[in-house]
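The two complexes that follow have chain A in common; it is paired with chain B in the first and with chain C in the second.
What follows is the complex of A and B.
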């Protein structure tokens, strides 16, 4: 008897059967009631089937690939842990970049998981719904693998133990937190432009890659492994971001001005978050990969420039703050690290003034600005520190109402002048750090008047433990805020020089390399 | 422009004056970026402007080597970016300062460590 063998399904057929064919048009309920969030943002979609998923990935294949990646990743992590891989990193200062990553970035991976799960439910087309579902799963996998990888460092070093608690409280963490809260509280289309496009496509190479290549350059196999494991997902995310923006723009000409406003907004919001990456690249990595300026030139000016040239055929223009961001590449990292040097008592990682050798590198990478504006500052700090007067700023700074960063950014074209912008809404003044942040505020003041600004919250008395007594004569506000942050004074904060991390690392490395 | 929303979108502003022990004042020192950002401080409206300059500012800016060299009679003040002349003998409120006002001072001749604007 002849065997009847069914023909194996092609990729396209499998994709159709397992994604779009699983969707249906409801009849008991109105489509509008099932997908209630697809109209209020003003975006018009006429045919959801026009969305093309370039990966045509189905869930069964997804699980298979991801399981394989997890097996490899955990094998590397086990080897790293068992071999005391943490002692192989370039210098203990490097470990502070991981603290910054764990407190500032990993919680965003989790929020991205929630965001894509929400959007994946709300978009009315089966194609983007499935793509968002997969991205949602990717994002929670990234959060988990990062937490697992970095938990190894928590066994040995300070500043890792309260990252989740701190993400919702510590002053500088309100920057990435409010960025994502802004996106997740927007509608599904804005979220897709904010995170799917602006963040994942335009800015991810400036966020994720510097940390992971920094890990590679500084001998950190553990962090490198989770980076590479995530990288293959990132290319899928970037493609989803690009496809979704093209899809929205092709659906109706009325969508263009709305999308352009979101691109302007989210480019600027994302760029402000990257401030933390800029200073990490130039000041926190003992062995640097490239300067922030070089990274900006490659990933933003070249790659981003090509992307916007491509989108020009839809009528999309380069985001509004682009020229300023390009000019600021000369200053951003130096100014940002000075903020952390100032407020080094209030962050759960160590800060330091760059060494003479570090400054030579900075002079070479920033020939037009470093020696003129920044070297005198670092030399002054170093001299003070030598005399036992390490400078810590103890007065709280003014924050931008939109990005929540201390108002240190200087005027476009004048690095000597802090930029101040002011708006009045319902009789109250609101202050922003730039034209970009002011415009975002002015477009949706009802949203940003709710900003939880850490400095204002401290003054309102909302950042102390229940045991604190602000009426007591010996009440020390900074000490009480640190308690509420769950940071231990002198252990988790202050200068790297003389820190427990520095001492332990040196002692353990000596043990590992001789008797 | 208004927020696009599915329903009524009204929330109380977080930082009204009644929530603070005193109105907030933001203070910036031009040409000096070492103290990295303008300061935010709650100050009693009855405080004399001169008492703020002589009593509060040294604790905030004293670490800067230029601070001791300031000649306050020559300082140039601005409020919300516009030239402004405070009366040192009058209170903050009498000088017209209210919740979340921004004032800045420039100290001619002083441009930071080695003229670096820091």
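What follows is the complex of A and C.
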């Protein structure tokens, strides 16, 4: 005779018992005193219990699966290190994408940890609080595993050793840094739309999937392992982003215009940050998985299009800058890498002009724009370089007050004309790179006038070490700024051609194949 | 109608999951990329625990997919037996 065993609880029951059922309504203190930030942004929530995580992930299951992910990841990292896995990558140029990642992305993971910890504390419902707690723990795991994995590269290559110091100082790193600082200094609902929805749901696939699939394609098992391990958490993050926006919109019709403005703002802010990813995909990977344009078509136009078609029933419209971002896919990476080639003396990674073979690929992927607008530029640089006159721009660029990117983006529909916008606030003029960034500035000028713009700060004398003497006759401002960045001239920067990284990689590879 | 999709790291467990998806969703299309595999289905995708268990030859908790997941789109509904992704437009 069969024994009748009590079946364990179903997923829905477990989720209810382990999340909402563990929460309570405070009586010693008023709810609005316990959650003081939930009203000032104008968002109206009537019933927090309407939020439900569709994964129905409970904390006990969370620990179990996260522990399994960590075990897998660290086993791969050990094997990679023990096997000198860094010598298996396609080419030493590839390693520069990792420098960009460690200085630009990993510190954002840490900020996301702080952001979700803060917001998780401030949202008044148990469902979103638990989901934010999990995401906060995920994000600190991502920061830690990226630092651990990339520390192996730091043993062998230049440009990795001062990533944290540089994140707060180096000119182009103010782009990702200010993006996250902007989000984390907003209210809890805006933060959820900014990071949870606009970044995680609409844009994160463009950052992680091509980056990490690119790492795999270029033989980097280490970066592939941390990337996919992080990405396995992203599905939960994306889901939180989508559920929270639906929840806010379903709670009160007055929430729609506020949410729409945040979507317009944060889509554009996030899209601008992804400029760095576009040039990484098209120019920095020796073996490319797909072009930026193709990735944009799949992950933004196709999937993002489906998402906004679905949100239309709440009255949500496609973000304002959408059409321009779609048109600019033909130009973004080329214009960005040109700027990095120009300022290759001031970045802690190597830059280079694309080879003839690289340019064939670019012509094929960008038949309407590459040969017409960008090939002549690269051929000009290559000719100069052949004569021993590699061009380094020593005049600092004007930066956009909102996104902090140098003003190199061209006008919508005219790639030969650089776009400038101007606003006046309290008698002062402020410059922005696009209609999107101007509108963001004009909506909250009191916030963006505070931007710490690296170029302004250099000219004001705030980016030198205490030992520097700007009055000295032989004072060299660039050299002094590099000292303050903790970059070593000629070792951490300049062209890949002739770099120590290039020489070491070739020598070590030769040792690996014979003695 | 828009596609929903799900992407996994390429490994032995996800091979069984992808096979199960293809059998239970006849309109599924599989796209292999370096180290990852992505499955698209128009409108709605159902992932059944029983179909995965049949292929793995062991019991499988649908939440185990978390370990292999890379990304997905669509509204999610997960129970002990089924994981559903769909667009509602």
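One rule holds for everything that comes next: the second predicted complex is superposed on the first by the 508 of 515 C-alpha atoms of A that agree within 3 Å, B and C clash if a C-alpha of one lies under 4 Å from a C-alpha of the other, contacts with A are read in each partner's own complex, and residues count from 1 in each chain.
Operating definition for what follows: a contact is a pair of C-beta atoms (placed from the backbone, for glycine too) under 8 Å apart; a residue touches a chain by one contact, two chains touch by 3 or more.
What you are looking at is a predicted structure, and each value in this text was computed from that prediction instead of being measured.
Chemist: Is A:71 touching the first partner chain B, the second partner chain C, both, or neither of them?
Modeler: Neither: A:71 stays clear of chain B and chain C.
Chemist: Based on the superposed arrangement, let me know which partner A:373 touches: chain B (first), chain C (second), both, or neither?
Modeler: first
Chemist: Check the residue A:209 against both partner chains and state whether it touches chain B (first), chain C (second), both, or neither.
Modeler: Only chain C; A:209 stays clear of chain B.
Chemist: Applying the document's definition of touch, where does A:386 land relative to chain B and chain C: first, second, both, or neither?
Modeler: neither
Chemist: Does the superposition put A:357 against chain B (first), chain C (second), both, or neither?
Modeler: A:357: touches no partner chain.
Chemist: According to the stated criteria, A:46 is in contact with first (chain B), second (chain C), both, or neither; which is it?
Modeler: neither
Chemist: Kindly classify A:416 by the partners it touches after superposition: chain B alone (first), chain C alone (second), both, or neither?
Modeler: first
Chemist: Is it chain B or chain C that touches the larger share of residues in chain A?
Modeler: Counted on chain A, the partner with more touching residues turns out to be B.
Chemist: Overlap of the chain B and chain C footprints on chain A, residue-wise?
Modeler: Common to the two interfaces on chain A: nothing.
Chemist: Where on chain A does chain C make contact in their complex?
Modeler: For chain A paired with chain C, touching residues are 10-12, 54-57, 61, 65, 68-69, 72, 204-205, 208-209, 212-214, 216-217, 224, 228, 231-232, 234-236, 238-239, 242, 289, 302-303, 305-307, 309-310, 312-313.
Chemist: Name, in rising order, each residue of chain B that touches chain A in their complex.
Modeler: Contacts found on chain B: 1-6, 9-11, 13-16, 19-21, 24, 26, 28, 30-31, 33-42, 59-60, 63, 65, 80-81, 99-102, 104, 111-118.
Chemist: Chain A touches which residues of chain C in the complex?
Modeler: Those in contact with chain A are residues 2-5, 7, 9, 33-36, 63-64, 66-80, 87-89.
Chemist: Touching chain B in the complex: which residues of chain A?
Modeler: Against chain B, the touching part of chain A is residues 36-37, 40-42, 187, 335, 338-339, 342, 372-377, 380, 391, 393-399, 406-408, 410, 415-418, 420, 422, 426, 428-431, 442-444, 446-447, 449-453, 455-456, 459-461.
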